[in-house]
Structures are given as C-alpha cells and as structure tokens.
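Okay, so chain A shows up in both of these, paired with chain B first and chain C after.
Let's turn to the complex of A and B:
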C-alpha cells in the first residue's frame, strides 16, 4: 500500500498545499490537475447530497477505483483535505480530520503571517504533515514502490 | 430550545474552557485598552473608531472560527437559532470565560440578542463623557462574531445596543441574520 499525494483546497478552489510522496504517474500540468481534482470533488459532493435519503445529506468520505482510493474531509469552514492512496488503505477521512485539527489549525490558522486564501509556505506545516502521513500504516511500502517504478 | 441540548452545550463550553490555555484577564484588558486608545488617537472620530474595532474583530473572527471548531468539536449547526446558542454558550465561555444568554428573538426569528453582564475587555474602564454616547468600546466582539459566522457561510450584521460603560444595566449585542451563502463553482470552464 502506498500514499501518493495530498491536496488542500479552500472554499474558493485555491489549492493551498500540494504534496506528493510517490506518485508514479507524473502530472503534466500541476495547476490543471489541482483544478480538475477540485472540480470533481465539488460535483461529487453535490451529487452525494442529492442522492442522500436524509436531509441534511452526509459527507463524502472516500471513493475507490480498482487502482487507487481517494480520501476526503471537509471542514465546516469549507477547507477540503484530500489524500490519494493505493487501494485497501481503509477509511482515512478521520486521519484527514486529525490533520485539520492538529496540524492545520496549529501551524496555519495560528500563524499571524499567513494570509487566508494564499498557498501555505509554513515549513512547520509541511514537516508535521509529513510526520502524520509517514506514521500511517499504509505508508510503509512507499519506498518499495518507488524502486519498482 | 430544549433544555437538554442547552446543557450539552454548556458542558461543551466548560470542557473547552478547561482545556484551553489561560492568559491573565488583566493582561487582556490592559492590552485591549491600549489598542483602543491608539485607535482613538489615529482616527479621532468615535464612529470611525467603532468601525476600525469591528474590522479588527472581523480579522480575528475569520481565524478564531477554526480554533473554535477544532477545540469544541462542533461541526454543523442546523439553524441560525442553534448557531446563536452555540456562540453564547460555547464560544463566549471558551474565549472570554463568561457565559452569555440569547434572547429578544423577533417574530421572524432572524434577529436576536446576546446578553452578558460581565465583560472582561472592559474591566477598569470608564469612558470620558464625550465618548459615552458615541464609542462602543467593545465593538471588537461584533466583528469577531461577524467574521466567524461568515466563514461558515452565514452572513450577519452585529451591533451593540446596550453597553454597561454607557450606563446600561447589561451588555447586549444584536445579531441580524442576512443570508446563507450558497457554494458556487469558483470558475467557469467555458472561459
């Protein structure tokens, strides 16, 4: 199992942070990739709401293809945390929630130099995010995969 | 508002208050006091000072909301009434150490007041006579509420209607619900 990449978007669709660990397929145009990802999730979220038998509709947590899984967490303030992993990594939306509560709030919101809506430059955020992701059980095989690809 | 939910929120507020780090109330009161003095020096006109304090609060509010959600564990409110109760029972307790009450709902249920007797910002403060009818000393709080709610898509207007510094019996902030923002696709692919 592998962790491929992490995205953080705000409500307006700005990509505040993009990190990748081992993404075998290189993206030609990172901005376009981020825009597409946000667009898909935006549509999927509304779709999930429409299908929901109860109101208010539940939140999208993850989806899987036969190759990869996408995990999703959205804060009430509209921040969208996205993690791409290989299949079989279980539900990681709770992990993304922890990243929001313990990493984002501590290192970004509380940083007076951070201007809301701009991409995150905080090294502390990156390193804490990195630690959180590398601690995941499904991260273990990242190094192996790298050598194969 | 059912009393069981109210007491749940009270407990949430107490828990969040117990968990958070405290600073000396004197430090806050005195720092805020010198802020206000400085703004009065810069802008002179009390109306303008009120506006600046509100703006300052707004910028605090749009950040404070994340901290609030993280510490309180509250996710989504189902109505404006619930939001108002949570502000007064959880948020006021968490950040100011006091509990406020919500009342004075209008018949359309889109306007209410948050009432609190104790105001940690205004401790030791006496307004000189020329300001008692123009300056809202704690107008920062209005901005904080407006900024925080805007981040969760609720647009409100806030203003002080009673202030103990003006000789009123209590402090009262009026909140008027304006609209609920809908999420929109941020860009148009046709362009």
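Let's turn to the complex of A and C:
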C-alpha cells in the first residue's frame, strides 16, 4: 500500500497545499488536476447528500477505484482535506480530521502571519504533515516501491 | 440492507431505477436521471485523477459515506450497475455480478428490448426481486 498525494482546498476551491510522496503516473497540468479534484468532490458531495437515506447525512468519507482510494474530510468552515492512497488502506478520513485538528490549526490558523485564502508556505506545517503521513501503516510500502523501481 | 439499484447506459442515461427499502431517499424521477448522469461524469473524471496507472480504468467502484455505501460495477460494454446500501452491508460486489447476469439473461435476450432504452421487462423485474430477497436474507 502506498500514499500518493495530499490536497488541501479552501471553500472557494483554491488549492492551499499540495504534497506528493509518490506518483507513478505523472500529471500533465497541476492546476488542472487540482481543479478537477475539487470539481469531483464538489459534485460528489451533492450527489451523496441527495442519495442519503437519512437527512442530514451522506457525508462523503472515501471512494475507491480499481487503483486508488480517495479519503475526504471537510471541516465545518469548508476546508477540504484530501488524501490519495492505494486501494485497501481502510478509512483514513479520521486521520485527515486529526491532521486538521493537530497540524492545520496549530501551525496555520495560529500563525499570525498567515493570510486566509493564501497558499500555505509554513515549513512547520509541511514537516508536521510529513510526519503524520509517514506514521500511517499504509505508508510503509512507499520506500519498498522506490527501491524496486 | 439494500436501498436501491440504478442501471446506467454507456451514454450516462438512466435505464432502470428501483428502491428496495422504505428508508431509501425518495426523489423525483428527474432527480434520479440527474444523479445517474452526474455519477457517469464523476466516474469519467475520477479515472483521469488517478495517480497510478490503471489496467481496466473503470473509475469509482465504491463510495463510503456516514449513512450509506455505494457500489458500482461496469460491464465491458459500458453499462453501469450501481447499488446503494446501508454501511454494514456485505457482498455488494457479488450482488451486482448477479444483477449483471440477470440483465444479460432477461433483458438483452428479450427480443423486444432495444439497446440503451429504459428496461421494461417483466421477467427481469421478477428475477431481480428474487435476487434482492436472497441478498437481504444472506445479510440478516
């Protein structure tokens, strides 16, 4: 199992942060990819809300395709945390919630120099995020894959 | 517990929809049509977003939310079978395989059925109901 990439969007759909750990298939255009990701999540959110047997409900947690899983967490203020991993890594939306509570709030919200809506430059945020992701059980194989390829 | 089943043709049009439970979301037929084509396009984009190379490239297979799960199966000809169910439901994949079998047997082999048009076949309804009951039994 592998962790591919992490996205953080604000409520307007601007990508505040993009990190990748491995990406076997290179993307052609990063901004286009971010726009598409946000678009899919935006459409899926309404889709799930409509289909939900109980209202309110139908909050998207993750989806999986034949090659990857996308895990999703949305904060009450509309920040969207997205993590791409390989299939079968379980439900990681709780992990994204922890990243929001312990990493984002600590290093971005409490940073007096941060202007809301700007892309995140804080090195502390990046390093804490890196530690949180590398601690995941499904990250282990990233290193193995590298040594093979 | 199964909630509902959608069958979507290769162009994204809804050709069959059925609710199996009273708890399933009640929507107008226009809403169902819209949801089906939305799902069709979401699947297409989710294929493009893939960070790794895909051998089959079917796009989304399973969506999990806090109140339901959605499982999708796409046949080689592009027909999509989509089932929603309560989160703890097992064997959804097998159920969709079974539905595909029934589709091949009772819809495609029906001489009056036109491809990609809404499904109105009596035998398919009957067999589908049996398959659903069997699945509900195996899950309870």
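Just so it is clear, the second predicted complex is superposed on the first by the 146 of 149 C-alpha atoms of A that agree within 3 Å, B and C clash if a C-alpha of one lies under 4 Å from a C-alpha of the other, contacts with A are read in each partner's own complex, and residues count from 1 in each chain.
Assume a contact is a pair of C-beta atoms (placed from the backbone, for glycine too) under 8 Å apart; a residue touches a chain by one contact, two chains touch by 3 or more.
Bear in mind that the values here come from a model prediction, so they are computed numbers and not experimental data.
For A:100 in the superposed arrangement: first (chain B), second (chain C), both or neither?
Touch partner of A:100: chain B, not chain C.
Using the superposition on chain A described above, determine whether A:25 touches chain B (first), chain C (second), both, or neither.
In the superposition, A:25 touches chain C alone.
Have a look at where A:37 lands relative to chain B and chain C in the superposition and call it first, second, both or neither.
Second partner only, chain C.
Where does A:117 make contact in the superposed view: on chain B (first), on chain C (second), on both, or on neither?
In the superposed model, A:117 contacts neither chain B nor chain C.
Touch check for A:84: first (chain B), second (chain C), both, or neither?
Touch partner of A:84: chain C, not chain B.
In this superposed model, does chain C or chain B come into contact with more residues of chain A?
Residues of chain A touched, chain B against chain C: more for C.
State whether A:64 touches chain B only (first), chain C only (second), both chains, or neither.
second
Could you look at A:76 and tell me whether it touches chain B, chain C, both or neither (first, second, both, neither)?
A:76 sits against chain B, while chain C stays out of touch.
Kindly classify A:48 by the partners it touches after superposition: chain B alone (first), chain C alone (second), both, or neither?
second
Touching chain B and also chain C: which chain A residues?
39
Enumerate the contact residues on chain A facing chain B in the complex.
Those in contact with chain B are residues 11-13, 35, 38-39, 42, 56, 75-78, 100-102, 104-105, 109-110, 116.
Can you tell me which positions in chain B touch chain A when the two form their complex?
62-63, 65-67, 69-70, 75-76, 78, 151-153, 183, 185-187, 189
Please output the residues of chain C touching chain A within their complex, sorted ascending.
Listed in rising order, the residues of chain C that touch chain A are 3, 21, 23-25, 27, 31, 35, 38-39, 41-42, 45-68, 70, 84, 86.
Along chain A, where are the residues that touch chain C in the complex?
These residues of chain A touch chain C: 2, 4-5, 20, 22-25, 27, 33, 36-37, 39-40, 43-44, 46-48, 50-54, 57-68, 70, 84, 86, 91.
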